[in-house]
Amino acid sequence: MDFLPFLVTQCLNALSQAALLFFLGCGLTLIFGIMRIVNFAHGAFFMLGAYVGYSTVHWTGNFWTALIAAPILVGGFGAAFELGILRRLYGRDGHAFLMVTFGLTLVMGEVIRLIWGVEALQVKPPESLSDIVFILDEPFPVYRLFLAGAGIVVALVIWQFLERTRLGLLIRATSQNAEMVHALGTDVRLVRSAVFGIGCGLAGIGGVMAAPLVTASLGMAPNAVIDTFVIVIIGGMGSFLGSLIGAVLVAFVQVFGTYYFPDFALAFMYLIMVTVLVVRPGGLLGKEA
Amino acid sequence: MRLLLAAAALLALLPFGLPPYAMTLLTEALILGLFAMSLDLMVGYARLISFGHAAAYGFGAYASGNFLLHTSMPLPCAVLLAGLLGGIVAIGVGWVCTQATGISFSMLTLAYAQLLYAVAFKWTPVTGASDGLAGIPRNPGPFGVTWWSTHAGFYYLTLAFLLGAFVFCRQLVRSPFGAVLRGIRENEAKTIALGYNTRRYKIAIVAISFGVAGLAGALYAPFAGFANTELLFWLLSGQVLIMVIVGGAGTLVGPVLGAMFFLYVQQKLSSYTDSWALFFGVIFILFVLFMPEGIWGLIQSRFKQKTV
Amino acid sequence: MALLELDDLTKRYGGIVAVDHVTMRIEAGEVRAVIGPNGAGKTSLFHLITGVVKATEGSVRFADQDVSALPAHVRCQRGMSRTFQLTSLFPEMSARENTRLAAQARDAKRWMPLGGGAVFQSAAQRGDAALERLGLTHVAGRPAGLLSHGDQRLLEVAMALAQQPRLLLLDEPTQGLSVEETAQAVEVLSALFASGELTVLLVEHDMEVVFRLAHKITVLHRGSVIADGDPDTVKADEGVQNAYLGGFA
C-alpha cells in the first residue's frame, strides 16, 4: 500500500475516533468544571446511549430518531439522578461521590443486562451512511466521515454555546466561582443539574454514534470511562479545549498504535494513562489535578 | 475476642447435619468472605479504593487452576503458591497504581483489571481464552490426603484459610504497620511529615490485599472446578466492593458478613427474579448515602454505646 | 558548625519570587524567630527547609550534610520535625495515639507488620513524655478532633517533640488562639525552651510571643532577609519598621 493513501485514511480514522472520544471527554470535563467531581458513571451513560440507540433503531427503523432520542433520554436520566441523589452528597468528602457514581455504574450495568441481555448487539447505520467512498483509491466507510464531521459540528456548537448563550455564560462563571454566581442571584443547583444532564447527554450521543462501529455490549462502560479519564487528564480537568486536544491525541495514538500492535490496544491505554499520571498529574491545560 | 471464637466454633460445627448443597453454598460464602476481607485491607484500612479487585481474584484462580491441572501439586500448596504469586506480582501493580492518588488511583486499578481481562481472552495456553480452564481437579495431598474431594473436606480447608487469613489481617492492622496505615487513612500529609515513606506502606498493603484475594480465587478454581474470564469481569469487582461497604469497611468482620449476606440474598432472590444484582447495586447506593459505616459498623457503634 | 545552614536559598514560581536568596545560620540550642508581614515568604521558607518544596536555587545544610535533594520524609528522619500553620492532626485518634505514632516514626522497627508490642511501648513512653511537657496529659485519651483549638496547637507541638528532633520548626503555633490560650501556650513553650536542649525555628505573627520566646530574630520581607539579630536590635531597625508600617495596607 502506498504511504500517502494509508496516512490519509488512518488520519481520517483517527479523526472519527477523536469525535467519539471528544463527546465523552467534553461531557466529563464540563461536569468536573462545575461540580468538581469526576463522574465515574460516565462510561455507563455512554453504554446506555448505545443500547437506547439500538432499541430506538429497532422500533422506529430510523437511525436519526435514535440520534435525537438517545441523548435526551440519557441526559434526562442523568439530570434526574443528580437531582435525586447526587445533591445529597455535596457536603461530604470526595469518596462518597466516587462510590455513588460507581454504584450507579453497577446498577446501570445490571439494568442493561436485564433488559438487553449479555450478548453484544449490532446496530445498523442508516442506509445513507452505509456506503464506502474512495479516498486516494483507498476504500473508506462514509459512516466514519460522518462521525468526524459530527464531531467537528458538535465541538463548534458547544463552543458557541459556552461563549454566546446565557446558560453557557452561567456555566463558565459557575466553574470559576460558584459562590459569586449564587450571590448574583442564580440558583447554582439548577446549573449543576443542567450541566450534569448535558454532560451525560453528550456521553449518550457518543454511545449512539459508536454503536454501529463497535456494537453495544456490557464491556463498554469500564473501557469508556478509562478512555475518558485519560483524555481529561491529558487535556486538563475542566478545560473544554483540553478535552478536544486530549481526544485528538488519544485517538491518534490508539489508531496508529492498534495498526502497528493490534493485540496491545488496551495495554496502550494503560501505558498512556500511567505515563500521563506520572509526568503531568495536572494535565496540559488543566485547572486542578 | 470471645465473640470471634464463638463464631469460629459455630462455623466449624455448622456442616454437621447440613445437606451437601447447603455446604457448597456455605463454602462459596467463605471464599467470597475471604475475597471481601482482602479488599477491606485496602478500602477500609488504607482508604485505597480499588475498582478492579477481581484482577487479584481471577489471577489467583487461573494460577491455582494451572498448578492443579498441569502438576500433581497438593491442593493446599497450589492455593498457597497461587496467593503468594498474586501478592508478588501485585508489588509491581501497587508500585504503578500508587504513583497516583484519589480517583486516579482507582482508575488505574480499574485499567489494570481491564487489561488482565483482555489478556485472559488472548493467552490461550494459560487461560483457555474465552472457554476458560475446565475440569480443575482437587489434587490430593500432602501425605496423600484426599479429604479435599469431599464437601466437608473442602469446607474445612476453606474455613482454615479464612480463619488463618483473618488472624493474620487482624494482627496486621493492630501492629505498628497498621498504625501507620491508620495515619495514612486519616491524614496522609501529616504521616509523611512525621517521616514515614507512605508510598511503601501503600504498596505493601496493596500487595498483601492482592495476595489474600489471590488465595480466595485460588480456592474458587478447585471449588467450582473451572476458571474463566467471568472471574476478572468488572461487575465482580463491583460486587465485592459492595460486600465491603454494606458489611462495614474497616472492620474485617463486616465484609465477611457482607459476602454471606450477598450470597444469601442471591440464593433467595434468584428463584423469583433475575434482578438480584440490581437490588444490590441499589442497596449499595443507599448504604453510601445513609449508612456508610455498614452493617457491622452500625452494630459495633451500638455495642460501644451500651458498654459505655 | 551551625546546625542549620541556608545558603542563597531561593524559590521561584514562574515570575514570583517567594524566597529570595535567603542565607541563615542557626546554632544548636538557639531559638530563632522568623517574622515578617503577610506574604513575606515565611511558610515557603519552612517548606524549603523541610523538603516539602524543592528549591530553585541555593542549598540547605543540616548537621553538616547537604539535604537539598532529600525528600521531606527523609529530612524528617534526619531530625527535623515541624508543625503546620493549619492544624494537621489525626482527628479520630486519641491525643496519646497521635504522639505515639509520631514517636513511632523514629523507631527502626516502625514498619513491623506483626506483634510489635515493644515498638508500641517505647513509642508510647516517648509520646506520653511529650504530652506531659506540653501539659496535655489530662486530655491524652480524648480524640484529637475533639480537643479545644489551643490544645490542638499544643498537641501538634507535642507530636513534633515526641520525635526527639534536633531541629523543631513551629509554624505559627499561636495561630487562631484567644488571648488566654496564647498566654498559656507561651508559658508552656517558654518552659519547654528553657532547658536549652532544643533548637527551634519559629514563625510567628504575634510580636509579644516572639519577644518572650526568641533568642534571635530574622525578619523577612518579600522573600528576602532584611534584618537579623537579637530582639532589641531588630526592634530598633529602621528597615523593619518600614516594612511593617509601610507595607501594611
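Just a few scattered comments:
For clarity, chains are labelled A, B and C in written order, and residue numbers in each chain start from 1.
What we mean here is this: a contact is a pair of C-beta atoms (placed from the backbone, for glycine too) under 8 Å apart; a residue touches a chain by one contact, two chains touch by 3 or more.
None of these values were measured; they are calculated from a predicted model.
Interchain contacts link the chains end to end along an open line, per the touch definition above.
Chain centres were defined as the mean of their Cα atoms; on that basis the chain farthest from chain C turns out to be A.
Averaged Cα coordinates give chain B a centre that lies 43 Å from the centre of chain C. The distance from the centre of chain A to the centre of chain C, with each centre set as the mean of the Cα atoms, comes to 48 Å.
The distance from the centre of chain A to the centre of chain B, each centre being the mean of the chain's C-alpha atoms, comes to 33 Å. Those residues of chain A in touch with two or more other chains do not exist in this structure. Here chain A touches chain B in the complex through residues 38, 40, 85, 88-89, 94-96, 98-100, 102-107, 109-111, 113-114, 218-219, 221-223, 225-226, 229, 233, 263, 266-267, 269-270, 273-274, 277-278, 281, 289, going by the rule given at the top.
Against chain C, the residues of chain B that register as touching in their complex are 168, 171-172, 175-180, 182-183, 186-187, 189-198, 200-201, 204.
Within the complex formed with chain B, the residues of chain C that make contact are 50, 52, 72-74, 76-77, 81-82, 84, 88-93, 97, 100-102, 104-107, 109-116, 119-120, 123, 159, 163. Interface of chain B with chain A (complex): residues 47, 49, 51, 96, 99-100, 102-104, 106-108, 110-115, 118, 122, 234-235, 238-239, 241-242, 245, 274-275, 277-278, 280-282, 284-285, 288-289, 292.
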